[in-house]
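I have a structure I would like to understand better, so I am pasting it below and will then ask my questions one at a time.
In order of appearance the chains are A, B, C, D, E and F, and numbering begins at 1 in each one.
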Amino acid sequence: MEKVLMLWENSGLYNLSVLQLIMIVVCLGLLYLAIAKKFEPLLLLPIGFAGILANVPEAGLALSAMEQAMYHFDANTMQAVANELGVALTATSDAGNKAILLDALKGVDDPAVRAKVSSLISAAGYSDGFLYTFYSLLVATGIAPLMIFLGVGAMTDFGPLLANPRTLFLGAAAQFGIFATVLGAVGLTALGVVDFSLGQAAAIGIIGGADGPTAIYVSSMLAPELLGAIAVAAYAYMALVPIVQPPIMRALTSEKERAIVMTQLRPVSKREKIIFPLAVLGLVALFLPAASPLLGMFCLGNLMRECGVVERLSDTAQNALINIVTIFLGLAVGSRLIADLFLTVETLGIMALGIVAFAIGTASGVIMAKIMNRLSKMPINPLIGAAGVSAVPMAARVANKVGLEANPQNFLLMHAMGPNVAGVIGSAVAAGVMIMYLG
Amino acid sequence: MQDTELLREGFNLMLLGMGFVFVFLTLLVIATTLMSLIIQRFFKPAETAATNLPGKSGSAATADGQQANIVAAITAAIQQHRKRR
Amino acid sequence: MEKVLMLWENSGLYNLSVLQLIMIVVCLGLLYLAIAKKFEPLLLLPIGFAGILANVPEAGLALSAMEQAMYHFDANTMQAVANELGVALTATSDAGNKAILLDALKGVDDPAVRAKVSSLISAAGYSDGFLYTFYSLLVATGIAPLMIFLGVGAMTDFGPLLANPRTLFLGAAAQFGIFATVLGAVGLTALGVVDFSLGQAAAIGIIGGADGPTAIYVSSMLAPELLGAIAVAAYAYMALVPIVQPPIMRALTSEKERAIVMTQLRPVSKREKIIFPLAVLGLVALFLPAASPLLGMFCLGNLMRECGVVERLSDTAQNALINIVTIFLGLAVGSRLIADLFLTVETLGIMALGIVAFAIGTASGVIMAKIMNRLSKMPINPLIGAAGVSAVPMAARVANKVGLEANPQNFLLMHAMGPNVAGVIGSAVAAGVMIMYLG
Amino acid sequence: MEKVLMLWENSGLYNLSVLQLIMIVVCLGLLYLAIAKKFEPLLLLPIGFAGILANVPEAGLALSAMEQAMYHFDANTMQAVANELGVALTATSDAGNKAILLDALKGVDDPAVRAKVSSLISAAGYSDGFLYTFYSLLVATGIAPLMIFLGVGAMTDFGPLLANPRTLFLGAAAQFGIFATVLGAVGLTALGVVDFSLGQAAAIGIIGGADGPTAIYVSSMLAPELLGAIAVAAYAYMALVPIVQPPIMRALTSEKERAIVMTQLRPVSKREKIIFPLAVLGLVALFLPAASPLLGMFCLGNLMRECGVVERLSDTAQNALINIVTIFLGLAVGSRLIADLFLTVETLGIMALGIVAFAIGTASGVIMAKIMNRLSKMPINPLIGAAGVSAVPMAARVANKVGLEANPQNFLLMHAMGPNVAGVIGSAVAAGVMIMYLG
Amino acid sequence: MQDTELLREGFNLMLLGMGFVFVFLTLLVIATTLMSLIIQRFFKPAETAATNLPGKSGSAATADGQQANIVAAITAAIQQHRKRR
Amino acid sequence: MQDTELLREGFNLMLLGMGFVFVFLTLLVIATTLMSLIIQRFFKPAETAATNLPGKSGSAATADGQQANIVAAITAAIQQHRKRR
């Protein structure tokens, strides 16, 4: 029966491409890392799962209606689209004609023509895949990363930072990883290895900020085509912090430096904790409006946490809301793991540059801490400089652990939380500069 | 964009970006230090709050607190009981 | 004063049609069943309530802006729409002119004309009712049923199924109810009793899957005009499982068969539970991409449950998220209980066919279990076959209860949970076949 | 370097206008009231915070893409828009040309031209600010206030009202504050002090309803340009109830009246509590369809609370859902605190009229209670009339407190809860009348 | 709209609005009273529910209840213990 | 569509659908059985998990567990106390 044949010809097995198979294996690898190795599972699990869904052949869950029409390339529909666009499908292959159409679509600036094409596509029975819908509603608009930032703000305690504000410099220094990586990406392009634009280079650099939602937010604005690879790199390397950082930290410090005991943090009053997020907001408003969405939501979350009068909102931001958004964000980001977008030389470049960014950020933080230790009377253990890359609270724990190796009575955790949360502010500021410069 | 141009732009971005990050966080250090000084001088230190671990949600804290309360209640009850014996 | 008159002429009492009154009574009946009889109250309560709201005269809460304009049929606005569409309102009655306009609207394929008509309607002060907005955002896009499936996946324990995988056959057999009903619907059409298309027949059949979100998902795709009746039938009959199933189960089995004791289920390892949802996803990806949204979300929820590293996401999927989506889904589905859509001969047909579907599904499951009992060495109590229709966990409890009547020491609940959850997979697969065949 | 200059020219400090600075100070004042004075912090905190964000110079977080383009007024883009609209930018200043364009845009009724203009704006790199997006999705559509009403319904106990239904009259009388204020607003316009349309007057009057979500809902429909000021006035005055009401209550009652002891409330059966929301819905459906969204959601929430079979939905409506919506609603409402919209003479008029509305509502409730006390055999303490303005449960507590001053053994709280919740119904009915009359 | 016209409209709205609010709530008083009478006459009063404070969410109540249970459990345990001594 | 055509289509859909459902679930039986065999052979059975009832949410389980803990704590405290007497 021809119907059984149709079933077979529509099956995944019949249509599975090698690239899709590779992507599915890659995504299974992400799931393995998330589940067995506990690599940032809250995001890598939904990302990996959605990555598999995005590569289910024929389902087109991560494609827009237009992309699906292009994929199936039904002759009649495509001829109608070509007529509307005023081009002739003169190529001998579907791939050639597809290129002609995509080219013509890019050149269209009359919204009436775009509406007509959409209408033709829709009439032919194509509609946006559900993962694509999540992506366009939640990530392309920036809403999901902002909501995550709200929740992260509500989970963040700035107490250690307020007790020792100088640690903000460590959070600043560690952002050098971001900008050095931008230069690296640009350099690789100059060498002809890959081909990154400045916007793409900036989005790759932000991986060095060690801050998932910031990386997603920036790359959704400056390089949406790289979002999948950048998000995967950011979360994977954040999980690798306990492996990547210690050798660098040990190489740059002496045993004696690592054993430095820091003076105990003073208690911080509630009033200071309430005013701090407002002070950050004020500075952002005055000096870097481009960072105001990210840092605004972060500060709102923190104000809700500290003010003590909206506990039910703070609880919701830390639990129900951030969890719901995390599920959708993971699915949306995973939808960008489509084989065509991910399996490129650029992805390898991103992975390589991302780890370099982490390493440079760590080193910069440590070196800055050593400099501050020289200049200041109050002792600073250089290990806490490494926590300036953010990756809250993993990097602070790493600093604590490496410190305990040198001096088993020296608990650095609280001291490292200062630069750790400073790093979040620092990378959001860096993100703002990039968006303003390139956006 | 030509390669040298791109490289120069990247370099500019690095200078500008790191410069701005440092300027911004320096301002924040100054603002924070001033704010703390003013508050410590002009307001009573009565309402100091313990420095909590970040990432610990309010509800979790409440749950822990509740459990701690229970343990305390049991302990107190038992001790009181012992004394009376 | 004419203003008081206006108030009266805009009141519900003045405008209440007999059909709307009947629908309100029907919806009160649904609320009674939900509250007093505990018939699937989580959905029937919001559905029934929204059904009342949808039939509030003049409010138009369940109508699009266009439908509201058609309902009020303001002469000037409608003349402007007719001019835009290039038709003349030659009929003598509003109803006739309405038909002319609706006909012309259907024929429009230029999106510019549609945009112009929308603009006229909007300028005349009509806007989408809020229930219509919920429907178009959450049900027409399929998002709400998918989110429900995520939560259901996170609530499902595949342990009993994994301990005895053969029970999957029972879940397969019970889907015969679906397809037999499709044939029934087509047959009624051939007899001229009702007029169902093949897509509508398929959507009706899926009621037999005894799975609310699957039924809503399929009918939103294949027969949105029947969605209200289908959803009501699906949930009402799921609640009736304890009444519908036992007589069929008793009729098809002997006392001795009903007393069969099954061997105790082996404990299932965490690893198996983690891999199972991935295995299901893999098979879906390879053989039935059309089922990948439904089963994908189901498997993601289950993986979140079992993997043990994303408990906060799993908790949210099972609680806050599924509850929020249930409220909105109920309201959206209830909005399809508009009198015009619901009070038709087709609804009676759907109600009749739905109960037939449940009965056939139950019978098929029991018969399959009897066959398996013959062929296999391991004893299978045929009662657990009835649980294959899904209706989790009601059908499993029914199997347990009927089993206890025959043998008071024989607890079948855990054994029946296997086919019960297999039925969920089975009907999602059946849904996928139908969507692929007809979509 | 010119890049540093660009950073400076894009900074907030360089672009901060005096009006924005004033608004930021006003919003800091709101935050102070919310945090230090506990003035309705659940809404005033996010409103105040979003108000600051909305006035961050250059960020345009609360502006649509079009408004941002108008703000920056890039010569080329605006010339292209002018060409598309068929007008000439003949004015000598940007401000003059802006006025020409805004005028032309208002006159456009061809959606194709609007689409073209949007396309030009979008191609020039402008996109909607995220607060604007929240506003247009959640407030302009009415969805957020409706969801709040669902949660408020689920939190409301109609027991005291059902035990003494006559207190509904008190909830009716207190709405006189609403309509007297409408007259006041219209009067101020007649005097030439301000310039309010009838729709705006109605939206201002609803402040006297002492019900935040109702005020936001009505003003989003009848006077969106005043929404910020109206919402701030409504919530601020609700918080001021303990200060505003007592003097009025004391002035209108004798010591003896304030000491009146009321007969204890009878216990109310579950069945009555279940039927009551359906009765309200029925009356709304029959007599005031325009109020059916607001009261429909309110009654659904209450039915979920009382029916006892959907506790998980009721819990979610009272917690996760209402909290999430409150955060977004606060942000969206706060986005209307843009300097241009807020710093007008009209805002001063709204603030003045709002407090008058509260005072008149309080007085009407008390006087009505005194009248009822004369006419009825059952004693009614006139203080509970003041609770008829709603502001649940603050106004009831105020009545209780003032009552205790006169008679320390006389607990009026439960008696005052009746008129208190009646006031919610009353102002929703008033809102419905206004929307029907003017919408 | 002229000023007098606007004033008249405002007055109309006031009359109509207050009138409608009173009519509606009067109908509600009647409906509620009837409903209560019918229910109290025809159904057993077994299932009366205590009048709860509004705004108190179910979960909060549960939490309180749980804590009360714990206190009760402790108290009972201690008292039982004393008796046995 | 003509009636006989419609009927035939319905019949086709039934055959195809039931066929596919059986094929798919048979594959799933095979895959599951193989998976279980491999896991049971190559991995230690240490980490077997109890078969939970579906529909029981994690949080509920936690709450129960907490309550059980409390009861256990009280019981232990009382018993310890008795011994010491």
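Keep in mind that, in the parts below, contacts are C-beta pairs under 8 Å (C-beta built on N, C-alpha and C of every residue); 3 or more make two chains touch, one makes a residue touch a chain.
Just so it is clear, the structure is predicted and the values come from calculations on it, not from any experiment.
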Pair sharing more residue contacts (C-beta pairs) when D-E is set against A-F: D-E
Per Cα centroids, the chain farthest from subunit D: F
Reference subunit E; chain at largest CA-centroid distance: A
Whole-Å gap separating subunit B and subunit F, where each centre is the average of the chain's CA atoms: 41
Between subunit A and subunit D, centroid-to-centroid distance (C-alpha), Å: 37
Euclidean distance of C-alpha centroids - subunit A vs subunit B, Å: 23
Overlap residues in subunit C, where contacts from two or more other chains coincide: 3, 7, 112, 115, 287-288, 315, 319-320, 324, 433, 437
Per-residue overlap in subunit F, given as positions that touch at least 2 other chains: 16, 20, 70, 74, 81, 85
Subunit C - residues contacting subunit E, complex: 1, 3-4, 7
Residues on subunit C engaged by subunit A in the complex (per definition of touch): 109-112, 115, 141-143, 146, 150, 274, 278, 281, 284-290, 292-293, 296, 299-300, 303-304, 307-310, 312-313, 315-317, 320-321, 324, 433, 436-437, 439
Subunit A-facing residues of subunit F, complex: 12, 16, 19-20
Parts of subunit A lying in touch with subunit B, wherever the complex brings them together: 155-157, 159-163, 165-166, 168-169, 171-172, 175-176, 178-180, 182-183, 185-187, 189-190, 197-198, 201-202, 265, 267-273, 275-276, 279-280, 282-283, 287-288, 305, 311, 314-315, 318-319, 392-393, 414, 417, 421-422, 425-426, 429-430, 433-434, 437-438
Interface residues, subunit C side, partner subunit D - complex: 3, 6-7, 10-13, 16, 24, 28, 31, 34-35, 38, 41-42, 45-46, 49-50, 52-53, 55-59, 61, 112, 115-116, 118-119, 123, 125, 130, 133, 319-320, 323-324, 326-327, 331
